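Below, subunit A partners subunit B and then partners subunit C, in two separate complexes.
What follows is the complex of A and B.
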């Protein structure tokens, strides 16, 4: 990206340490957002989520018609698929986000740190008075804004279409499950950034994150009693929140706590890895 | 008869889907045309972007461009 955005205007000003590091952090976040805009990520990632969100209610609604026209069924076959509840369609949308959405998000931020380390841009930035923590933190903040914005756009689009085609779902439930699901995405993005600064290859970072998130979800599904508190259970909690009520609020609270601890330690560990070696030897 | 009625009902509903796909396709094509180096021949990417629904443009955004340089 352009070099003038990297140079913080506050360098020459003798600010008190805290406020100047905050200023640098803000400038770095603005630089990351500018990069998201210039690479069109801020445009196409939300569009993909909106597309995923719209397709779910539409394809559910037209499934009988699609089967009738596409399938080579014998004449007179009665296709009788009961239309699911509106809230179930939203839960299915969350499942779509959980597979394709997470795939897209992880692939988008897999190279955020490792790409700049490989190209040497990271060491160029880190010789300036920018701490590794604010460098990693700014990337993390920008990616989270992208993830939350895309999720909200896609989920609300899905909610609107579900209301149009199938039935109304109260907005409060939708917002609730949106917040819970956003926490899961937050966790996944944090882990991606951690692996991106630990591993040299972006593909390896993406692969580790995807395997890790699948394993967490599987563990939460297989052993709900013993491991129902891990962050992978949050996607299930989000579906529960929109369909009915969250059944186990103790485990739910624990999962939220684990997410916050996990993302804080992921960012700190990533910054630590950068402090040790800002460039790949 | 029945199908034409269906189509006029379906069209306003699927119109946003088509519009979003078109936007994705156009962005990908513009970026592909502007890119100095693509991973693999450029004309293959153009075909992929145009003919593979949704995933063609996404694949180009993620894997198509070489960022070194």
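What follows is the complex of A and C.
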């Protein structure tokens, strides 16, 4: 053996060339998407979002009729609820996504890493010349595709029904707020994947993420001056963007920056946790 | 014969517990090596460090034959104790996926997957979901995915322990074929598996190497003559038996290297003496038996087996 072939003292040797890592990353993303298809997540998660999106304008429009048929009101009651602005309905839809939608997404993501680590399937993959970063990255990418796809489907459905029943909202405003809200979901998904890599129990990961996102939103709401730049404020900015204009563009820019830094560090930290010990048994 | 993997001073601590401490060994190209030891000896920890799944506390591993710039995990095929796959994939899909992750092109991976499924004997189930596979089939699929990129070293953790006798026999047969083609390292707590398959054994106990070397040489070096003695159930003979073994035992405690008797074990009324020189020991024993008028029922001359050595090394 020549001396240069011996030059591999430990397992932290050079990473594979970039092109082959990209191929592996692509193969892994395809696998994740196939898993989403086979487990029907790619079907029911968008359906939940579409349902939430349609419910909001429909229930707003038919609210007087619903109340009338509830039957607990005395005869002759006049129900006169003014129809809200079309844009307000869309903002309310975003609030629906912020509760039920986020819950669904977190539940779908919570076991993405820890499940495979607990079963041992991860160790069979990570023992191959695959970097932990592309392993986590592939899951993150697939989950983001699911989140953005579901959000877009649900929000556009809501916009369509709002247009039919209540009034038109310019598409540009809808797209703008969609992009802002998507960033918030991206952040939540990244944090879920981080917790899924750090914690063994999927339930603990889901709980930590949900508590974290509620705390962030509360902080943004309670201290808009001091903490209005944290990612939790993004849902508020998204509502503003569709209803009127974003009032504080300085804080808005900062929030976007924080989200990008946050999700990059979440993915890197998750990969770091995997590198330290790739399987918990 | 060139050295494929050299492990130097490998240690792993989990908190205060030292699971593996200062293990040294080399694996030669083309050899089949068994990592043998009781449960909890540190076999799995060692294997996981070799595969890179666990980072060692100290020590290093030198893998030779890894070209510059190539990640040398790509030279290892790994089969864990109970492999778990994605149950929603089919066997064939999983193998293609594994092949692509190892850097094969989609077309090559497909060809390899087909050939390997044939090879390990589950081609009939190639299109079925892995979730419906039996334990033996999963083990075979595990073997196939470890071999998909034609590794230089096949590392297996207890490859047959979880299988029923039939599956065990089949997998052992498969391994016997495989060791002709590649270097194999596997852990086991069953001496028999190591004996039928391997050239070399590394016996570890409490995280340390207790004994290592070529299995034939170990058998040769540690082979010692033994005498087994059984007497009838009458009081006199039984009494003699216990006094005699106690006497030998007290001689043993003096730790005389040149002593005629080197070990004695009394079990179920059968005394087993390990002796340094057969003729002298046999003469001495028979004279003693005649003088004391002991009713011998059985006196048998033999050799210590590898099993005896293993038990001694592992418990001693």
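Just so we're on the same page, the second predicted complex is superposed on the first by the 263 of 281 C-alpha atoms of A that agree within 3 Å, B and C clash if a C-alpha of one lies under 4 Å from a C-alpha of the other, contacts with A are read in each partner's own complex, and residues count from 1 in each chain.
Just so it is clear, contacts are C-beta pairs under 8 Å (C-beta built on N, C-alpha and C of every residue); 3 or more make two chains touch, one makes a residue touch a chain.
Quick caveat, the model's predicted, so the values are computed rather than measured.
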**Partner chain(s) touched by A:28 [first = subunit B, second = subunit C, both, neither]** = second
**Asked** Of the partners subunit B and subunit C, which touch A:276 in the superposed model: first, second, both, neither?
**Response** second
**First, second, both or neither for A:130, with subunit B first and subunit C second** = second
**Asked** In the superposed arrangement, which partner chain does A:119 touch: subunit B (first), subunit C (second), both, or neither?
**Response** both
**Message:** Under the stated touch criterion, which partner chain does A:67 make contact with: subunit B (first), subunit C (second), both, or neither?
**Reply:** neither
**Message:** Tell me the contact category for A:257 with respect to subunit B and subunit C: first, second, both or neither.
**Reply:** neither
**Asked** So, A:218: does it touch subunit B (first), subunit C (second), both, or neither?
**Response** neither
**Asked** Is it subunit B or subunit C that touches the larger share of residues in subunit A?
**Response** C
**Message:** Looking at A:168 after the superposition, I want to know if it touches subunit B, subunit C, both of them or none. Which is it: first, second, both, neither?
**Reply:** neither
**Asked** Both subunit B and subunit C contact which residues of subunit A?
**Response** 119
**Complete:** Within the complex, subunit A is touched by subunit C residues 2, 48, 51-56, 60-74, 76, 78, 80, 82-86, 88-89, 97-98, 100-103, 142, 145
**Complete:** Interface with subunit A, subunit B side, in the complex: residues 6, 10, 13-14, 16-17, 20-21, 23-24, 27-28, 31, 54, 57-58, 61-62, 67-68
**subunit A residues touching subunit C - in the complex, by the definition given at the top** = 1, 4-11, 13-17, 20, 23-24, 27-28, 31, 34-35, 38-39, 119-121, 123-130, 276-279
**Message:** Could you list, by residue number, the parts of subunit A that touch subunit B in their complex?
**Reply:** 40-41, 43-44, 47-48, 50-51, 54-55, 58, 62, 65, 104, 107-108, 111, 115, 119, 161, 164-165
